[in-house]
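Presented below is the structure to which this report refers.
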């Protein structure tokens, strides 16, 4: 029997494959394509204390082997989320991870506190969204601010806290250490790389927001490098993401030191991607006679 | 008549298209494919005070719409370079830009001083190479160190100095301002993004150096964003690069605020790329009735 | 599980029916059974550097042979649509669909209906014309060269407008309506935003219920990513802001629901 | 300008000649005129996400029809070589070439020569066998399934080794030489590094001049990027360190020049 279960801060996932926040809604839409019961966890789109309308359109643009997005964290707010999205996810035998966004530390804490009584397994704090003016990335690019908000969030959190790191920094290990110092239980990385596309014929930005977050296979080498660096620098478990589309991609992250992985942009070009990654990891393990997935985690040093 | 000439710190280039250091040798190999007389400038591979053997192989790996390289600045040293490479380039009617690398500030200054008596038009200081242990990127990720080395190099330089910036930083404008404060005449960006690839079957790094620099179309959105940000932050002319393969790509950089552009990785999959970019820019200008290329520079704000 | 699937569909035939306008028949099987007029398919290139879907409206459904026809414009060099245009019969294409809501045919049954299409917004009106049992007037707007207009003749009264005046009314679809003093009780329309805006105003002035099919950049095509929103008058059901998802809540909206 | 060009070449024919081994003829025109045995071509995919060249040795040159034959192995799923294997006759492939130096045939004219090939290193020895006027012994090493061996019969005395012993000598090319007590004055060889290392040692022990064709990851293929170096005994002419560029200074090196 192959063992694919992994443990994130005391929470056991049946396998290391989860969805990347913002690419999978709260699971409903893709439940028409994949069996959510087969996933290690579903990570929801970022939710704030109140509904956010997000940015003007165009919100996305295609780039070579990737895309830019500036959705701007449109979300229905925590009330609707708790009434509708959590009950939907509870029907499935998978872990529920709620991605939390905010403009101020208080916003984050309000949502985190509110989720304390909900059947949610882990909280992912998005301090790295490059597409909103306030909050978001401001916390994610300054180690002191990151440590402070981590501490604050931890005061209110009943569930283990995942801090989601931005790749738009000089030294990712410094950020990882700051989150660790602040009491984070798990780290997830990478969020999107800030990018821009110009429409030369219309002489304007391709996105209404000018800049957007780059994701997809194009960013994978940066993501693998950062996961590797962070795995060498801190003791916390890591959720690796950035360009994962296949089991081979996921295995790169696991071998670089990630305990779990998220599939994001790939859902958009292959709605079956998450399930296929789960199956592909199992197949690789069988082929290579790996009994326990923990043998693969951090296998390349 | 269409005017494509641009001016970099007093040096006029017949057009804004140059080669990216390290992808074009000193021009000889690609002179079998393109007419160097048609290019705005040839930028040479980085040269140090003494020959450098570079890194062990494998030195490159393919990634989605990009590549990783860890050549490690193999170069013949300044003596052979002055005897062989400069005379070769002098035969052509194009500007000569020498890319300079080093391990210590003294190394850089030695090469810069030595080039003072050579028929070289501009010097590009590579303080952003992620593939060598000492020097290189250490200077390129710390604004104070960058300002200091810029000042030092300027003391020895007879030609205008281009400081080449690393994209592996939290805030590229801070670096640009530091170089400006240090007396840089021109900025070029971006150098490569640090990345990693893992060979899951052999359970090892794809590159002998573990990490490498990512380049090619995959990085273009990050490069355009940084060029745009820097153009808003400093007054210096900018040489934009990162993923340019076509005239359309080059025009994105020009509109984002670059005065000139470099074609790098694209040479590897299209040895005619540089000349095609020159021709394509002219064609775009004709089609859009742009008489002077300066109308396009920074046209998108 | 749902009707939506992602599959490799074989191209049955493809031909250029106008300058840069291609008509492609796909062997769609269940996707054809499930498809409704006004819905769309997302097509994917096989070039790993072009990842996002190209949403293309369903132009015609051959229910007997279980085929779907797409009519699309090649938007430029080195685009995904250009890649599709180079594919031959027998070659497989990755397709996600059917997506979106489609036109609410029941709202127009038996009434006088305008089927208005502008440019590359014309194709979805064809299957709509085929399936709708009503008194149909197709008002088709072109820049210059006509396409598909003859095929509408079988199902509707056809009026044409061209910007250059080379056929029908010189001007746009609204000019054609005025010039021919056309009238209707319901409007179904698809085309560029300025045209939809004019139709919306016209419909609201005349108090005619009007459904328009909208366009926006898409990533997921299924309502998950919130890329493709348009401004809605009322707070939307999904995000509780004022943003409807064109891919899932649309692409067809009652004109009074949305802002243009 | 030089003999090197990058061009779209039409595939004349392609077939699978062994498990995952494909033989492709290209209409190469001037590239065929310029090509020499032991040189290689860089092939490019049409997938914008796979940018780098796939260097493939020239297996055969049809000088009359100006065609070049490549024999290559598909290395896995979703690779560039897999993409090539799916192309049909008539389809164009982007090719840069001819690249590299080739075997120094003049060094072996009239002598007793071993033409040694291991696995996917066998193909370049075929054109070498065709063009070399000498007393030729081809020693071909396979894992199990044989390919191309019969074609060598026309030009050389052929000895085969297989790892599983299913044909010829059980073992590798060195075992075949020993088992058959073969002798030569010059060696030309291409194959995996362990085989080349054994041949180099053998040649140096016997004091036989030996040229080997080497392999490394390539980006430019023309000597500009310094990706593809191997360690050389002497300071190299280009960078004045100890690194020869396989794409330009090689791929064929005198065994004593390089370290393996």
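Letters A, B, C and D mark the chains in the order given here, with residues in each chain numbered from 1 onward.
FYI, a contact is a pair of C-beta atoms (placed from the backbone, for glycine too) under 8 Å apart; a residue touches a chain by one contact, two chains touch by 3 or more.
Note that this is a predicted model, so its numbers are computed, not measured.
The chains in contact with chain A as well as with chain C are B, D. The minimal number of chain-to-chain contact steps leading from chain B to chain C is 1. Comparing the chain pairs B-D and A-D, the larger number of C-beta pairs in contact belongs to B-D. Mean C-alpha positions place chain C and chain D at a centre distance of 54 Å. Put simply, the C-alpha centre of chain B and that of chain D have 35 angstrom between them. Between the CA-based centres of chain A and chain B the separation comes to 34 Å, rounded to the whole angstrom. A straight line joining the Cα centres of chain A and chain D is 46 Å long. Shared interface positions of chain C, i.e. residues touching 2 or more other chains, are given as 48-50.
For chain B, residues touching at least two other chains, in rising order: 64-66, 216-217.
A complete topology is adopted by the chain contact network, contact being made between every pair of chains.
Interface residues of chain C facing chain A in the complex, by the touch rule stated above, are 1-2, 4-6, 44, 48-53, 96, 216-230, 238-243, 248. Chain contact summary for the complex, chain C toward chain D: residues 46-50. Chain B contributes residues 63-66, 68, 141, 168-171, 193-198, 200, 203-205, 210-212, 214, 216-222, 224-225, 228, 243, 248, 251-252, 255-256, 284, 299-300 to its touches with chain A in the complex.
Chain A meets chain D in the complex at residues 64-65, 217, 246. Here chain A touches chain C in the complex through residues 22-25, 29-30, 32-33, 45, 51-54, 57-62, 64-67, 69, 71, 74-77, 80, 216-217, 265, 267-272, going by the rule given at the top.
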